[in-house]
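Each of the next two complexes has subunit A plus one more chain, namely subunit B in the first and subunit C in the second.
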Partner chain A sequence: MTVASPIEREWRRHTPRQRLARFALYFGLVAACVVSLRTVQFVPEFLYDAPEQMADLLRRMWPIEWAHYPKGVHEALIETLHIATLGTLLAIVMAVPLGLLAANNITRHVGINYLAKLLLVSSRSVNSLVWALLFVAIFGPGALAGTMAIAFRSIGFVGKLFGEAMEEARQGPIEALRSAGAPWGSIYLKGYWPQVEPAFWAIALFRWDISVRESAVLGLVGAGGIGMAIDSAMNLFQWERVALMLVAIFAVVILAEIAVTFLRKKII
Partner chain B sequence: MNAAVTARPPAFVPNWPARIAWIALALYAGYATSILDVSWARFVTGVDNGIRFVGRMLPPETEASKMTLMLRGIYETLEIAVLSSALGIMLSLPIGLLAARNLMPPWLTWPTRLLIALCRSFHQVIIAILFVKAVGFGALAGILALTVASIGFIAKLFAEAIEEISAKQLEAIRATGAPFMNVILYGVLPQVLTRFVGFATYQFDSNIRNSTMVGIVGAGGIGGTMFAAFQKFDYDYLLTILLAIIALIMVSESLQNWVKKVYQ
Partner chain C sequence: MPAESQPRADTPTAALEIRGLKKEYRRGEPVLHDISIRIPGRGITAVIGPSGTGKSTLIRCINRLVEPTAGQILFKGLDLATLRGKALREARRRIGMVFQEYNLVERLTVMENLLSGRLGYVSPFNAWMRRYPADDIGTAWELLDTVGLTAFANQRADALSGGQRQRVGIARAIMQRPELLLADEPTSSLDPKTSVEIMELLAGLTQGRGIPVILNIHNVPLARRFAGHVIGMAGGRVVYDGAPEGLDDTHLKEIYGGEDWLE
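Let's look at the complex of A and B:
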């Protein structure tokens, strides 16, 4: 009689398997942190004088060179906004068909669904800076490379979310239209579109907000916009100008966020 | 009788504001494209360049000394991701708690929320530039930059999750006379722990992605090696590094799925 009677059995929240998995996770986490801490290379002397260096940086940044704004910043800032907006628009144009191909209630073919999803995943897993590097090599430095980078990075994001929104559309209105003999154009325009429209605008605005932030750094690899101005100012140690550009980016990001919040309330 | 039927409004009313918005969007797209000076000739040379570019990328570099250099870069990238996530998660817990408006007084939540917004508003690479100046080239700058970015993301979502919890459990624990720390430990944390784990794993994943990039401005990791290969037109080595980064991201993504399953 080795089996414990039910009354003596101790109640535990997790099965042994779950406990083992959690233990493995904690162990792995601690091990990863310890190993990284022991092997990471940094010079302690740099850390000691970090406050001093930071103070020096701020001193060099002050006073902010406001006079430079109309000369070298305004144009680059507008270019950044154009890169973000046009890139997002281009991404939407390419992502909507891909999203339709990836949605299994629109395209009833598992192979095509899978292929479209693969394309969307590969677009997302390459960072926008890497996309920018590739397009700079193809189109040369400039805003065109930046626009393409933003577009190709955004396709995966927009396409995935749009495809999922299409999959969640209710079938009732679609069936009603179909049984009334509506052509396929009407089915999409009057059946699917009104259902996915709020999601579509939410995705587009969200992505545009992210694109504005990302397009500000694409210039560091030569893909146009304010990043290029920052890069050259930094290389010449003109920190007063760098400070001005950082303030400008901050203002644009905040304004973009306010605009997105406003439009979201208005449209959705 | 018949008149009432015919007077019924049409099923699909034309939405003029929306149509005008669409037309404006199309006009903008045309205008912005004209600024970019995209021409057919440029497109053709671009395609030509693209083919040559891909041709020079193939086959990927596999020379032993460059492979060890790349592996060292990947290893440093992982170190940056692990340490910045650990530091970011640890700091986000208290900061997120301080920013929750249902637990803390307004004079505490407002400054904290401002701090979080400041952490969020700049791209990681720009923060990395500032830290490279402060602590010099190397992994430490990357760790600090990604820590700041992690705080901006996790602390914000954590605060929002806390604001959504049910107040009944808090009341029950307060009614037993529990001190403040116990209210947090037994009333708040059990309600938000799963979501916090979700945010943390998501942030670890995005830290891995971003730690491959901060090297471009000299903040350590594989990004520096990659950017150097790009600037030296060493495109076949660039392809090797890109493939390694994509493999790293895929491993990290499956790891994220596993952690989510453990904690669901």
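Let's look at the complex of A and C:
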């Protein structure tokens, strides 16, 4: 047996076929960008006066009508927070069982796993505004429709992530409890729950954070909250009030972000 | 001379008897071929053999973390291989288990990990409310004193070192007041000194309570030092079954293969 000289002993991470495939992928991406640029319909005329339009809008928004806050904004803002919080809570209640059914180490039945995953995907594939349209048709306009829209949109998000957290739980401690003769209820409480608890709270808080932002626009289709106030102010060209509401939403989102970050640190 | 070594004549009743045990993870590829052994009613029985020879599968078949394909596992008049549901749970709580990777619930406190050894006896609701019998809590404190972790009772298990975690693992198994203890490579993740300390603790706690132990271990000197009975496995078969004193280089060659390592 002859030992190859060090120069002949080459090393390559990928086979020629893999290299070709990778090149084709990158080439395809660049080509797609070029083609898109050619087909996307720029209307330069709109862009030419965009700065003027923006300036005009901002001028109408100034000065912000702070005095309107107690009269027409505060209540709507609180309603928005209620919609987000209640909707998220409702979603968690419905998502946890679905997440358990979707986790293949909890529910050892492939058919049920796929069914649960299908439900979770369908919840996520419908935008919350579309859910809101649906629930406005069922319950009429107002906060109830908004709450249901947030809930149904959130089920998929919470259920998917919770189910995945369950699947990632270490099996060792579970085996230890099983070998001690623990019933399944105790295995969930003392084996799974302590392991998925940080993930659970992180998911719930993150979803609430998203829900606050989403529920602010639900009013555009009549599902309650501050979106409704924005919609009517815009229709009446009360831009100083619209500005006030945008600032209020911004402030609430920032506060929610701070609260979530603080709580996450506390819990984990 | 370790006191754990007991002549077989002293142990007329077996702690466990395995007859014709076979395990196939894939059809036609048995990992365990027709294992038939008797585990003495006292002392430590060491199962030695190279990695991947089925030691772990064997020990896991006993408490049915792994389903045996065929055979009988006789324990206190029960055939463990046939039990299901509640009967299986009730049999499992009579058998403690210690793991290589400790398998503690990391985010629970040391005390709660110990008390989870009692979960077979406490209802899920009471476990949720953390209502454990005062008797169990008393035993847990005593065990914590014995393993030297009293000061850590309310610390989370993930704050402990490997040796400390295995002490908790052993204490949790003893909390079950088991009639048999299974130990699956309990020292393989630990340094040599800690390994000996853990083995001394395991031997001391089980001997004082008269609990027979089945110990999977690939460290032959440790097996010789602590076991009263040795079962050598190779290729999914039992190739030695007898006193540790009878284990010579010919046997070790058969169990582990080769001979250079024996020098």
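Note that the second predicted complex is superposed on the first by the 222 of 268 C-alpha atoms of A that agree within 3 Å, B and C clash if a C-alpha of one lies under 4 Å from a C-alpha of the other, contacts with A are read in each partner's own complex, and residues count from 1 in each chain.
Rule of thumb we're sticking to: a contact is a pair of C-beta atoms (placed from the backbone, for glycine too) under 8 Å apart; a residue touches a chain by one contact, two chains touch by 3 or more.
Since we're looking at a predicted model, the values are computed, not measured.
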(request) Pick one for A:L89: touches subunit B only (first), subunit C only (second), both, or neither. (result) first
(message) If we overlay the two complexes on their shared chain A, which of subunit B and subunit C does A:E214 touch? Say first, second, both or neither.
(response) first
(request) Using the superposition on chain A described above, determine whether A:G185 touches subunit B (first), subunit C (second), both, or neither. (result) second
(request) Check the residue A:L115 against both partner chains and state whether it touches subunit B (first), subunit C (second), both, or neither. (result) neither
(message) With both complexes superposed on chain A, which partner does A:I64 reach: first (subunit B), second (subunit C), both or neither?
(response) neither
(message) Looking only at subunit A, is it subunit B or subunit C that touches more of its residues?
(response) B
(message) With both complexes overlaid on chain A, does A:L133 touch subunit B (first), subunit C (second), both or neither?
(response) first
(request) Kindly classify A:A202 by the partners it touches after superposition: subunit B alone (first), subunit C alone (second), both, or neither? (result) neither
(request) Touching subunit B in one complex and subunit C in the other: list those residues of subunit A. (result) 190
(request) Show which residues of subunit A lie in contact with subunit B when the two form their complex. (result) 18, 21-22, 25, 29, 32-33, 36-37, 39-43, 46-47, 50, 53-54, 57, 79, 82, 85-86, 89, 122, 125-127, 129-130, 133-134, 137-140, 142-144, 147, 190, 213-214, 216-217, 220-221, 230, 234, 246, 249-250, 253-254
(request) Can you check the complex and tell me which residues of subunit C touch subunit A? (result) 63, 65, 89-97, 99, 101-108, 112, 116-120, 122-125, 127-128, 169, 172-173, 176, 182
(message) Touching residues of subunit B toward subunit A in the complex: what are they?
(response) 12, 25, 28-29, 32-33, 35-38, 42, 46, 49-50, 53, 75-76, 78-80, 82-83, 86, 121-123, 125-126, 129-130, 133-136, 138-140, 143, 209-210, 212-213, 216-217, 226-227, 230, 235, 238, 242, 245-246, 249-250, 253, 259, 262
(request) Could you pull out which subunit A residues touch subunit C in their complex? (result) 172-173, 175-183, 185-191, 194-195, 197-198
